[in-house]
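Which chain is which? They are A, B, C, D and E, in the order written, and residues in each are numbered from 1.
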Amino acid sequence: MADVPLLAVEDLVVEYMTPSGPVRAVDAVSFVLARGEVLGLVGESGSGKSTVAQALARILGPPAMITAGRVLFEGSDVLAMHEDDLRRFRWRKMSFVLQSAMNALCPVLTIGEQIIDVLVTHERTSARAARERAAHLLELVGIDPARLTSHPHELSGGMRQRVGIALALALDPPLIVMDEPTTALDVVVQHEVLSKIAELKEKLGLSVLFITHDMSIVSQFATRIGVLYAGRLVEMAPTRELFRAPRHPYTKGLLGSFVSLHGPRRRLAGIPGSPPDLRRLPAGCAFRARCAEATARCATEAPVLRGIGEDHSTACHLVSP
Amino acid sequence: MRYLLRQLGLYILAAWASLTLNFIVPRLAPGDPASAMFARYKGQLQPEALAALREAFGFTGGPLHEQYAAYLVHLFRGDLGVSVAYFPAKVTDVLAMGLGWTALLTGSSVVVAFALGSLLGVIAAWRRGGAFDATLPPLLVFLGAFPYFWLAMMLLYGFGFTLDVLPLRHAYADTLAPSMSVSFVASVVEHLLLPATSIVLASVGGWMLSMRSSMIGVLAEDYVTMAHAKGLSPLRIMFHYAARNALLPNVTGFGMALGFVLGGSLLTEIVFSYPGQGYLLVQAVRSQDYPLMQGIFLTITMAVLAANFLVDVLYVWLDPRTRGR
Amino acid sequence: MSEPDQTPPLLDVQQLGKLYRVGGWLRPKHLRALHDASFTLGHGEILALVGESGSGKSTIARLCVRLEAPTSGRILLDGRDVLHEERGHATLAYRRRVQMIFQDPFGSLNPARTIGQHLERPLLLHDKAKTRADLSARVHALLDTVGLVPAPEVAAKYPQELSGGQRQRVAIARALAVEPDLILADEPVSMLDVSIRADVLNLMLDLKEKRGISFLYITHDLASARYVADRMMVMYAGHIVEAGPSDALLEKPLHPYTNLLLSAVPELEGSFARGLPARSGAPALVDPPPGCPFAARCPDVTDICRRETPRPVSLDEGRVVRCHLYPEPSRTRSE
Amino acid sequence: MARSADARTLRAGERAMQTPKIPRKAAAGLVILGVFFLMALVGPLVAPHDPMAFVDIPLQPPSRVHLLGTTGQGQDVWSQTIAGARSSLLVGFVAGLMMTTIGAIVGAVAGTFGGLVDDVLSLLTNVSLVIPALPLAVVLAAYLPAGTRALLVVLVTTGWAWNARVVRAQVLSLRNKDFVAAAIVTGESRLHIVFREILPNMTSVLASCFISATVYAIGAQVGLEFLGLGDMSLVTWGTNLYWASNDAALLTGAWWTLVPTGLSVALVGTALVLVSFSLDEITNPRLRAVSASARALAARGIRMGASTPVVRDHG
Amino acid sequence: SGRRGAARRDPGGVLTVSTEQQASWVRNFNPLLAPGNIRWPTRAGIYEPLFIYDTMGGKVVPWLSSGFSWGPDKRTLHCTLRPGVTWSDGQPFTADDVVFTFEILQRHKALDLFGVWSFLDDVRATGPDALVFSLNKQYVPGLVYLGHQPIVPRHVWRDVPDPVTFTNERPVATGPFTEITVFQNQVYELGRNPRYWQPGKPALRGLRFPAYPGNDQATLALLHGEVDWAGNFVPDVERIFVARDPAHHHYWFPLVGGTVMLYPNAARAPLSDERVRKAISMSIDRALLVKVAMYGYTRAADATGLHDGYARFRSPEAAAAGDWISHDMERAGKLLDEAGYPRRADGLRASADGAPLTLDVHVVTGWSDWIRAAQIIAQGLRALGVTSAARAYDFSAFFEKLQKGAFDLSLGWSSDEPTPYHFYRDLMGTATLRPLGEPAARNWHRFGSEEADALLAAFEGAADEHEEMRLSHALERLFATRAPVIPLFPNPSWAAFNTRHFEGFPSAQDPYAKPSPYSAPECLLVLTRITPRGA
C-alpha cells in the first residue's frame, strides 16, 4: 500500500458535448498526488482546472463526459466504479471545497442539515452524535456552533466558505479537493480563510489538491504545482523550482504578468493574444499562437509532458531535458 | 414578513379593483341593467308588477358616487343583494351552495395536477433524454392544448355514457343525503373523478414542463454538484436538494395559474353539471341575474386572492431567504 | 487640499454624497453609498481608487460620469460647477469630455450591434465625422489605436466573436472616439485573465503619456493600482479614508484600514500564518451609526471614533487621511 | 475573478446564438402552423361548401361526399373546420398581437422610466394578473354586445398583464446592463436607448410573449364561444363546438362534429408551444446543451445518470 | 346498458321529472311568484287553481271550483267552490281563502302577474263555498286569469309579513303533492298530500326532481333512463331516444307551444308597406326552416298564424286567403319591384335613397333554433337582393330592442291564452301600441288596426262560443290580408316519456292534456292521472 500513491491520474480526457460539437476541456492530463502532499493546479480561466477536479469523483454534470483515462485512488479506478461504490467513495475518500461558497450550499437547508446529511449517510451515526460532531466541526473552522440552524444566506461570504471547509473535513477524508476556495472573497476575508486552511493543514496533515488562478496564493500552500493551459498540463514542478526556474513559455509569461506591491516597477509583459477556443483547437501546440519562440514543429506536433529534471516536467518542444 | 405584508397589500388592492370593476362594468355596458334584469319575464309581467319588483330589488337611481358608496356599504355588511333568477333568495345564500363544491373540485384537481406535474417534471429532468423524458412531455403538451371542456366532454362520453362506469353529473348520488358517512364520501369521490381528471389532464403538462425546466437549471447548480460529491443517495439529492429549490419558482406560478385553472374548471363544471360556482355564473349570465353574477365574480376573485396569499405564505415557509425580508 | 493654482484641476470633486433609498414606501431606509468624498484629478494624471466590494467605488464613477445625480456635493470640471450649470441630464459637451469604461466587457457591448456600429454612434452623435468615408476611416483609426487589427475585419464582427481582452479594447476605443479628457475606468481588468490584463493596463499608460488623457482607475487590486497610478485613494464604506502618491501610500500606510488591506494581499511565497492587524466584518451602510465606519474593526479605536466622523486631514507630500489618529491642525478646506 | 463564471455562461450563450439551426421541435411546430395558415388563407376557396349552408341530411358520418360528415344541422363539417380556422386564427393572432403590443408598451415604459410610473404600472399589472381571467372575461363578454370586436376587447383586457410583467422584467435586467449605461455616457437619447439598444435584444422574449398570448387568446375565445358568449352567426372553432354540443353531438354518437375542431385547437396550441420551447432552448443554452448531450449519450445507449458518464469508445 | 344503468333505482312509485333547467335548487314554494322563480310544480301541483283550461280538448275543467257563471251584463262572475276540499293541514278550504288570495294581489302589484286588478272591481264571498267577482268592464277573456290563479290558505298567509319575498318553505296547500320530503341543492322530492280531495289520487307516491343545468344534461339523463317525464327539447328524438328502447321510450310534440313569428317593424320605412312584408314572407323557405332549425318537429305556419292550440278557431278559407305564406321568390321579387325597391345593377335592391336595402334579423344569443331560423331567413332575403344578416343579441339587449322598436326584423314569440283574442289583440290591436323608442309590452312591431280594435272589443263581451268563433274568423281574415307579422311555424310543446315504470301519460291517442310538464296548470291533469306500472 505504501508505494501506491494516494491519487494517480492517467491520461484523463473530459469533453463537453455542446450542441455545436464536443469541447475537449481536459486533454490527456496525468499526475500523481502523494499522501500528505498539497498539489497546486494553476491556469487561467477556462483552462480546465475545475473540470479536472470534478472529474476525479465523477461529479461533473451534463453535458460533460469522460472519454478516456484512469483515476486511481489508492490503486482502484474511480472511473470503473459502479454507482453504489462511487457513492460510498465520495466524501469518505475525497471531499470538495468548491469555487463559490454561496452556490455550493443549498439555500433551503440549514448549515446543520447539510453537514449532518453527510454524517448520517456515510457513518449512520445517530442524529444526536451527528449534531455534536457538526458543532465540533464548526468550532474547528472558527464559527459559533449556534449557527448550525442558520441558513446559508444568513452568513457572510467568509463564513460560508469556512462552513464549506468544515463540511469537507466532516469524514476526515484522505484527500480534499479545494477548487478556488477564496475567489469570491475580498482580500481581507480571503486572508482569513486561507490562514484557517493553512492552520488546519498543519494540524491535520491533510492531502490537498489546491486549485487557483492566483500564483501568489498557491506559492504559499503547495508542495508541487501543475500548470494547465487549454486543458493540457504544460508544466509540473515543486513550488520553489517552478518559481525559480519556469521552463514553459506560458509559465514564464504567467509569472511575468504578476505585478508586485513592492520592489521596482517594471513594464508588465503579459502574454499577447488570448486563450484558444477549445472547440477549434489548432493542431500542434495550443500555446503556439501566443508564443514568441514558436517553431514550425510547434505547428504540427503536440508536445507531450516529459521529465526535464528532478521532479520537473514540461510539455514544450523548445525545452530539452 | 415584510414580503407577506406587501403581498397582502397587493391583494387588498386587487380586491378593491375587482369590487370597483364589478360596479363599473354593468354601468358602462350598453342598456339599462335594471330593465334587462326583468326582461326574463318575457313581457308576461304587467308594467306595474315590474315597477314593484324594481323597488323590491333596490334599483333606485341617484348619482353614481352615491350608488357606489351604497354598494360598498352593502358589501361590507355581506349583503350582495337578491338574486333575480332565484328570487327572492339572497345572493349570498345562492353562492353558499356552490362555493364548497367549486373549492373541492378546483382545489383537489389543482393540487393533484401540481403535485403530479411537479413529480413528473422532477423525474423527467432527472432522466432527461431518456424514454420517459422523450415521450411524456410532448404527450402532455398535446393534451393540455385541448380546451378543458373538450376533454371533459370526451371523458364524459367515454367513461360516463358509453362505458357507463362513472357518474355523468352532480357532486354526489342523488339518492344520498349529505352527511359524513362512508357511502356519501365515497360517492363524492366517485363523482369527483371524471371532472377532476379532465382538469388534471389539461393542466398537468404545464406544471411538468415548468418543473422540468427549472429542475434542469437547478441540477446544474453548484450545490447539487456538491450534494453528488457528498455521496448522498440519488433520491435524497433529487428531492431534498434539487426539487425543493426547483419548486420555488413554480410555487409563485401556482398562485397565478390558480385563476387560470379556475376558469377551466368553470367550463368543466358545466359539462358535468357539477353544482359549483362555474355553472351558477353561466346561469346568472344567461338569465341576466346581475346581482348573482357580480356575487360570483367577487367570490371567485376573493377566493383566488386568498389562495394566492396562502401560496405566498407557503412560499415564505419553503424559501428561507424570503423570511427575513 | 490643492494649493491655490492658476489653472484649476481637470476634475474637482467636493463633498460628494450619495444615499440610495432602500425598502418600502412607508418606512424607507437609506443606504449611504458615498459620504463626503472630495478629491481632485489633474490633467494627464492617473488616479487609482481602491477598496473592497461595496465600498462605493463604482458609485463615485457613476456620479462623476453623471449616470446618476449625487445627493449632495459638487463636481467641478475645469473649475466649472457642472451640476449647477447643467441641471438634469448632462449635456453632450460634458459627455464629450468625460467618458467611462465598464467592468464587464461582456455586458458593456450590445450583442445586437457590430463593433463598427459601436464606434460609429459616438462619432455621429458628437459630429466627429462628416462623410461616410470619413466615418469608417475614423472607426478604423480608433481600432488601430487600441491594437485591434485588421480594423475593417474587426469592425464587421459582433462582440460575442471577440475575446474578453479584445472587447475591453473596443470599450476603450468607444470611449476614445469622442476624444475625451477624462476616462473613468471601473475595474477594467478585473474580469480579464492575468495573462491579458497587462495589455489593457499598458494601453491606459500609453494613452496617458501620448494623449494626455486622465484616468480614474478603479480597482480592488492594490498591485495593479500601483502599476498604473500616480496617486491612489483608498475607500471604506463610502468614505475616502486615505489618499496620496502611490508609492508613499503603499510604503507607509497611515490609515488602519489601508494597513489591514495591505497586509492581507497575498504575496508570492509569503505566508498565511501571519495574522492581520484587524478583524474582518462588513460595515453597516444602511442607516449607519455615527462615527468612523471602521471603528468596529479598528485595533486603535478610541471613544471619539464612535462618536464623530473624522474629517480629511492633509499631511505632507500631498497625502490626505481621514482618521482621528491624525489630528486636524486647522481647517484645510472651508465649508 | 468571481464573475468569470457568469462570463463563461454568457460566452456559451453567445456561442449557441452563433449557430442558428432550427431545432426539430420548432420545425414540427412551424410545419403544423404552416398547414393551418394555408388552410385559413386558401381554405375557403377550396372548401367544398359554404360553411353556413345546409347542404345535406344532418349528422351524416364521414364519407367520400362529406369528408368529415355533417353537423346536426346538415352543414359540412370539413368546410366549417376550414372556415373556423380562418376566423379563430385571425382573432387569436390579432388578440395575441394586441396583448403583446400593450404588454410591451406598459412593460417597457414601467421598466425604463422607473420611479412612480413604474410603481403605478406594475401595481396595475400585478392587480390584473391576480384577478382570475375567465370569470372576468365571462362577465365582460356578457355585458358587451356580441361580436368580434367585443371578443378582442375581452381577450386583451384579461390577457395583457402577463406580457407586461415579462417585458418589464426583461427591460429591467437589460436596463441594468452596462451597454445601456455606456450608451447614456455616449450621449444617446432615452428613446434611442429603448428602441435601438434594448428592444433589439428582446426579440425572443417578445416572440414568446406573442406565442403565449396567442395560445391564451385562442383557448379563451373557444371557451367563451362555447358558452355562447360570442357571435353565434359566425363560423369559428368555438361556435363549431357550441353547435356540436347544442346538437347533442355526443349523445347521438356524432364524434365527427367535435373531434376535428378540438383536434385543430390542440394542434395549433401544441405547435405554438413547440415553437416557444425552441425559442427557450435557443435563448437558454443550458437546456440545449443538456438535450444535445442526452442525445449523444442515448446514441451510445447510455442513460444519463447521477455520475459523469465514462464513454471510452470515442476519441 | 352498462353497470350503472343496470343498477338503476327502483322508483317505488316516485316519478322523476325533468322540467326546469337549473344548476342547483333553491327552496321557494311561493305560488304567487312568477313561475321562473319558484320550484315547479308550486303553481299547479302543490297549489291549485279554480279551474284548468285543457288546451288539447279546448275546454275548461273545473278544479277547486265546481262552476262559473257570468251575470247577465257580463260584469259579474259567480263562482261556486267544490265541497269537501281541505288544506293539507286539515283546515277546510273556503271562499274566504279565494277572496284573501285576490286581496293579496291587489295589495302587492308585484304579485299580480297578469294584472287581474286592471279589470277587477271587487271580489266578495257570498257564502262558505260561493263568491262573486265584479268587473269594471265586460271582459270575458279575463276569465282564464281568474281561474288559473293559484289559491293560498288565508289562515297561514295572513301572518306572512311580505308575500313578495316569502319563500314558503313548508307549504300548506290543496294540491296532490304537498310534502317536501327531500330538499338538497341537486335534487328534491315531493310527497303526496294525505288529505287530497280526489279519493285514491294521486297514484304516485311522490315526485322527484334532479337538477339538470342544461339541455344536454337533461337529454343525457333521459337517454340513460333516469327520467320518466321530460319537458326538454331532444334533438333527433327518434334516433337517439326512441330507438334505444322503442317499447318504453315515447315522445309527443303537439304544436301547441305558441307560434314563432318574424316581427317586421311597421313603424319603419320599408316594412310599413304590406307588400314588402309579404315579399319577405315569400322569400322564406319554411320547409327548410322546419327541417333544419326544428328537426322537422313542426310544420310551416299558415296565413292565420294560429297554432294547434287554436285549431278549432282556425278558418280554412282565411288561411287560404293568405297567399303570401308559400315560398315563391319570383312573386316576392315582383312585389318588391312594385313597392319601389328595384334591383340595382349590382343585383342589390335599392331603398328610397338609393342605398342598398338592408334588413337584419335580430335573435337571442344562445337560442340555437332561432339562430338557425334567422340564418335561413337572411339567406332568403339575400337571394331576394336585400342585404341581410342574422344578428344575435343577449336576451336583455334583444328584448330591449324589441320592446323599444329598435329593429327591422326580429324573431319573437306569440301569446298562447285559450282564445285567439289575446293572440290577435297583441298582433293587431292598438291597446298596446307605443311610439318608437318607448317600450311596448306587446305589439312590438307597432302595427295597429282600428278594424281589429272593433272586433276585439266585441270579443271582450262575446256572448258565447259561436260569437267568439265568428269574431275569430274575422280577425284571421284581417290578419291574412294585412300580414302584420310573418308567422314562421307553430312551436311544439316538448314532452318525452319513459314508460318502463309508469303509465298514463298523455299522447296523440289519449290527448287529455298538453303533455309538457312545464305547462301549468294542465300538468295537474297529468299528475293526477299517471300511475305506477302494474299498480
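Note that in this section a contact is a pair of C-beta atoms (placed from the backbone, for glycine too) under 8 Å apart; a residue touches a chain by one contact, two chains touch by 3 or more.
This is a predicted model, so every value here is computed, not measured.
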Reaching chain D from chain B through chains that touch each other, fewest steps = 1
Remark   = Any chain touching chain B and chain E at once appears in the list D
Task = Could you pull out the chain whose C-alpha mean position is farthest off from that of chain C?
result = E
Request  = Would you kindly tell me how far, in whole Å, the mean C-alpha position of chain D lies from that of chain A?
outcome  = 47
Request  = Round to the nearest whole Å and give the separation of the Cα centres of chain A and chain B.
outcome  = 53
CA centroid of chain C to CA centroid of chain E, Å = 89
Request  = Using mean C-alpha positions as chain centres, tell me how far chain A is from chain E in Å, no decimals.
outcome  = 91
Key: Contacts with two or more other chains, residues of chain A listed in rising order   = 45, 54, 59-62, 86, 99-100, 213
Remark   = Multi-chain contacts in chain E, i.e. residues touching at least two other chains, fall at 220, 366, 394, 397
Residue list for chain D, restricted to those that touch at least two other chains = 1, 4, 7, 15, 18, 142, 145, 228-229, 245, 251, 290, 293-294, 297, 304, 306-307
Chain D contact footprint on chain A (complex, rising order) = 13-20, 24, 45-46, 54-55, 58-68, 79-80, 83, 86, 99-100, 180, 183-184, 213, 279
Ask   = Hey, which residues of chain C end up touching chain A in the complex?
value = 52-53, 163-166, 193-199, 201-202, 220, 222-224, 226-227, 250, 260-273, 275-276, 278, 280-282
Complex interface listing, chain A residues touching chain C = 44-45, 156, 158, 186-192, 194-195, 197-199, 213-217, 219-221, 243, 253-254, 257-262, 265, 267-272, 274-275
Remark   = chain B partner, complex, touching residues on chain E are 1-5, 9, 22-24, 26, 28, 33-34, 36-37, 108-115, 118, 164-167, 182, 184-187, 208, 210-214, 217, 220-221, 224, 366, 394-397, 399-400, 403, 413, 439, 441-442
Sites on chain B touched by chain D in the complex = 10-11, 13-14, 17-18, 21-22, 25-26, 28-30, 127-130, 133, 138, 141-150, 153-154, 156-157, 161, 213, 216-217, 220, 228, 234, 237, 255-256, 258-260, 262-264, 266-267, 270, 281-282, 285-286, 293-294, 296-297, 300-301, 304-305, 308
